[in-house]
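In structure tokens below, several structures.
In what comes next, chain A is part of two complexes: it sits with chain B in the first one and with chain C in the second one.
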Partner chain A sequence: MTEAYERALESILRVDGVRAAILVDAAMGVPVVMETDPDVDGDAAAALAAELFRRTARGAELAGTGELRTLQLAASEGHLLVAGAGDLLVVALAAPDAQLALLRVEAGRAAGALA
Partner chain B sequence: MKTRAELAVLVDRLRGPLREFVRESRVRMAVLVNASGQLLAQQGFTRGYEVTNVASLAAAAHAAAAALADMTGARRWTHLHNEGRNQHMLLAPYRTGGSDLILVAIFDRSTSLGIVRLFSDRLGDRLAAIPELRAASSVRDASRFEEELEGGVRRVMGESA
Partner chain C sequence: MTKPAPADVQRWSLEVARDPGAPTFVNLADAYRRQGNLEGALRVCMRGLERRPDHAGAHALLARLYLERGEREKAFDEWGVVLRLDPAHFEANRGMGFVRLERGDLPGARAYLERAAARRPADPLTREALELVERKAAAQAPPSPPLLGHQAADGDSAGGSASAGAARAPVAPSTSAPGRPAHAPPVREIPTDPARLFEALRGGGPFSGALLVDGSGFVIGGDLGPDAAQAEAVGAALGGAAAEAERAAAMLGLGEWSGVLLHTDNAAAHLGPVEGGHALMIAARANAPTGWVLHTADAAAGIARAFLGAGR
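Then we have the complex of A and B:
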């Protein structure tokens, strides 16, 4: 099973500009599998991404927009992409100049394969 | 400054960081105890719990986990997580100049293990910055320090109750 998880991250890690790819236990907010640049705190990223996704999902539910599938956060120093995959979340951190369109596709594929 | 007076200052200094931890992590309640199971600080909805019993059991769990870590070569444990049906409990030890401090945090689904762990690490950083915890290493007679600590805690907790 761990191999399937690692495979799911491989395609994300091949995208230019990706600094971290993490599979997160959605309820616990802890990493299941992760590959990160040395300067990325994967545990913190997993916890905060899961929290953000959970709160946004709640907001989407209240707003009547249905189930939250992906969430993208753009900041001055980079991007955070989170895709729901059942009990898991696919989390990617990327540099400001990363190939975001490709990253969205790959994260969506990984989430679809795991859900 | 005498040890009891130092302890009163220490208990006062722990209050702020623990309050911040409870606010940021959204745990239901948190207590800080020493390795002997003595309660040093408490925040959150503590009324629903026998905090002195929680403190004693946390110290016992800390000792058992430390022994297990030794036996398995893991050396030092960073946290212990118990998952219940409705609530979770996280125990995290912090090494200080004197006795270890142990955080006991009880939380439900309004937060997550990852968030509680993240902010428990930050609490550790804040505790490390408390001069009274660093200064405790200058106490050479550990057993005497424990006795004085116990007496001091009773007095401080009694006064604040």
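Then we have the complex of A and C:
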């Protein structure tokens, strides 16, 4: 199974500007598999991404918009992308100039393959 | 010991993400260990110990992790640290007793094991080891069988694997390119009725609503539908999400957050900060182009700022 997880991250890591790709246990907010640049704290990214996804999903649920599939946090120094994949989350951290549209596609595909 | 509940692990992981030296870092590291993620457990434990070097429980866990990785000398060193911090520590005394026993140091083994037994008289491994010490001492028996493996598998090191995904429809990747193809409606005037604050954005397009909330999650204006009570609940949830987005961006070194773009089964939406700790969410149909969503979020933020400015 770990091999399938690693395969899911490979296409994300190939996108220019990606600094980390992590599969996260959605319920616990801990990484299952991760590949990160040395300066990225993957454990913290996993926990914070899971919490943000959980809170945003709650808002979406209350708004009656259905289940949250993806979220993309944009900030001055980079982006955090999270895609729901059943009990897992596909999380990517990217530089400000990363190819975001492609990253979204790849994260969505990875999530689809894992769900 | 029972396996921790996912909600507890989630809380610990968040606390440790915010502060690697938070008291719960030992709980989180042990949860990693129980999942079979020894590398993750070591990482969390070491990082926590950088901030709390005198945490005996963390050193004891580190010893156990080394032991489970087959690094006995390192485990032995860690138990030594534990016993300097807490001379009566059960696990460290027992571990040191096992090591001394394996090395044939019977008096040393007896001393450590007796201290462990004083702490937990009913522990079967300690009793077994003490009996072995006595037998060896009486008969000068050949080298003892390894006991460290028993210690490592002390009943609760369930190697739970990572959870697999539940059955669910695959996520359809969005192929919409971010761009700014559409023109958001111009803002002509500020409605005095808060519920109609974003009325100018309605025009038959994919726009379905917007909600402006303050830093406490109270709704200031706009709506996402006819149900006002629902708007209050959504606002409260959005307030929490906005605060979490700000915190995540800062803690991950991403700088100041400018917005969260989200896609659900039935909607595309954008949540972003507005001056003064306010947050604004706009929602559109799921097939709305991403660029249109971002553009409309900009327009809605302009309305919100004008409204907030007019209220001063």
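In this text, the second predicted complex is superposed on the first by the 115 of 115 C-alpha atoms of A that agree within 3 Å, B and C clash if a C-alpha of one lies under 4 Å from a C-alpha of the other, contacts with A are read in each partner's own complex, and residues count from 1 in each chain.
Quick note on the criterion: a residue touches a chain if its C-beta (ideal position, glycine included) is under 8 Å from a C-beta of that chain, and two chains touch if they have at least 3 such contacts.
A quick note: this is a predicted structure, and the numbers were derived from the prediction, not measured.
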| item | value |
| --- | --- |
| When chain B and chain C are modelled together on chain A, clash or fit | clash |
| Greater residue coverage of chain A in the superposed arrangement, chain B or chain C | C |
| First, second, both or neither for A:E51, with chain B first and chain C second | both |
| Touching partner for A:Q72 - first (chain B), second (chain C), both, neither | second |
| Chain B versus chain C as contact partner of A:E3, first or second or both or neither | neither |
| Partner chain(s) touched by A:A113 [first = chain B, second = chain C, both, neither] | second |
| Touching partner for A:L100 - first (chain B), second (chain C), both, neither | second |
| Partner chain(s) touched by A:A27 [first = chain B, second = chain C, both, neither] | both |
| Contacts of A:A85 with chain B and chain C, given as first, second, both or neither | second |
| Region of chain C that runs into chain B when the structures are aligned on their shared chain, from 23-31, 257-265 or 293-301 | 23-31 |
| Intersection of the chain A residues that touch chain B with those that touch chain C | 27-30, 43-44, 46-48, 50-51, 54 |
| Chain C residues within the chain A interface of the complex | 6-7, 9-10, 13-14, 16-17, 20, 28, 31-32, 35, 37, 40, 43-44, 161-175, 177-178, 224-225, 230, 233-234, 237-238, 240-241, 244-245, 247-249, 251-267, 269, 271, 281, 283, 290 |
| For the chain B and chain A complex, residues of the former touching the latter | 109, 111-115, 117-118 |
| Residue numbers on chain A that touch chain C, as the complex places them | 1-2, 5, 23, 25, 27-33, 40-41, 43-52, 54-56, 58-60, 62-80, 83-88, 93, 100-101, 104-109, 111-115 |
| Residue ranges of chain A in contact with chain B within the complex | 24, 27-30, 43-44, 46-48, 50-51, 54 |
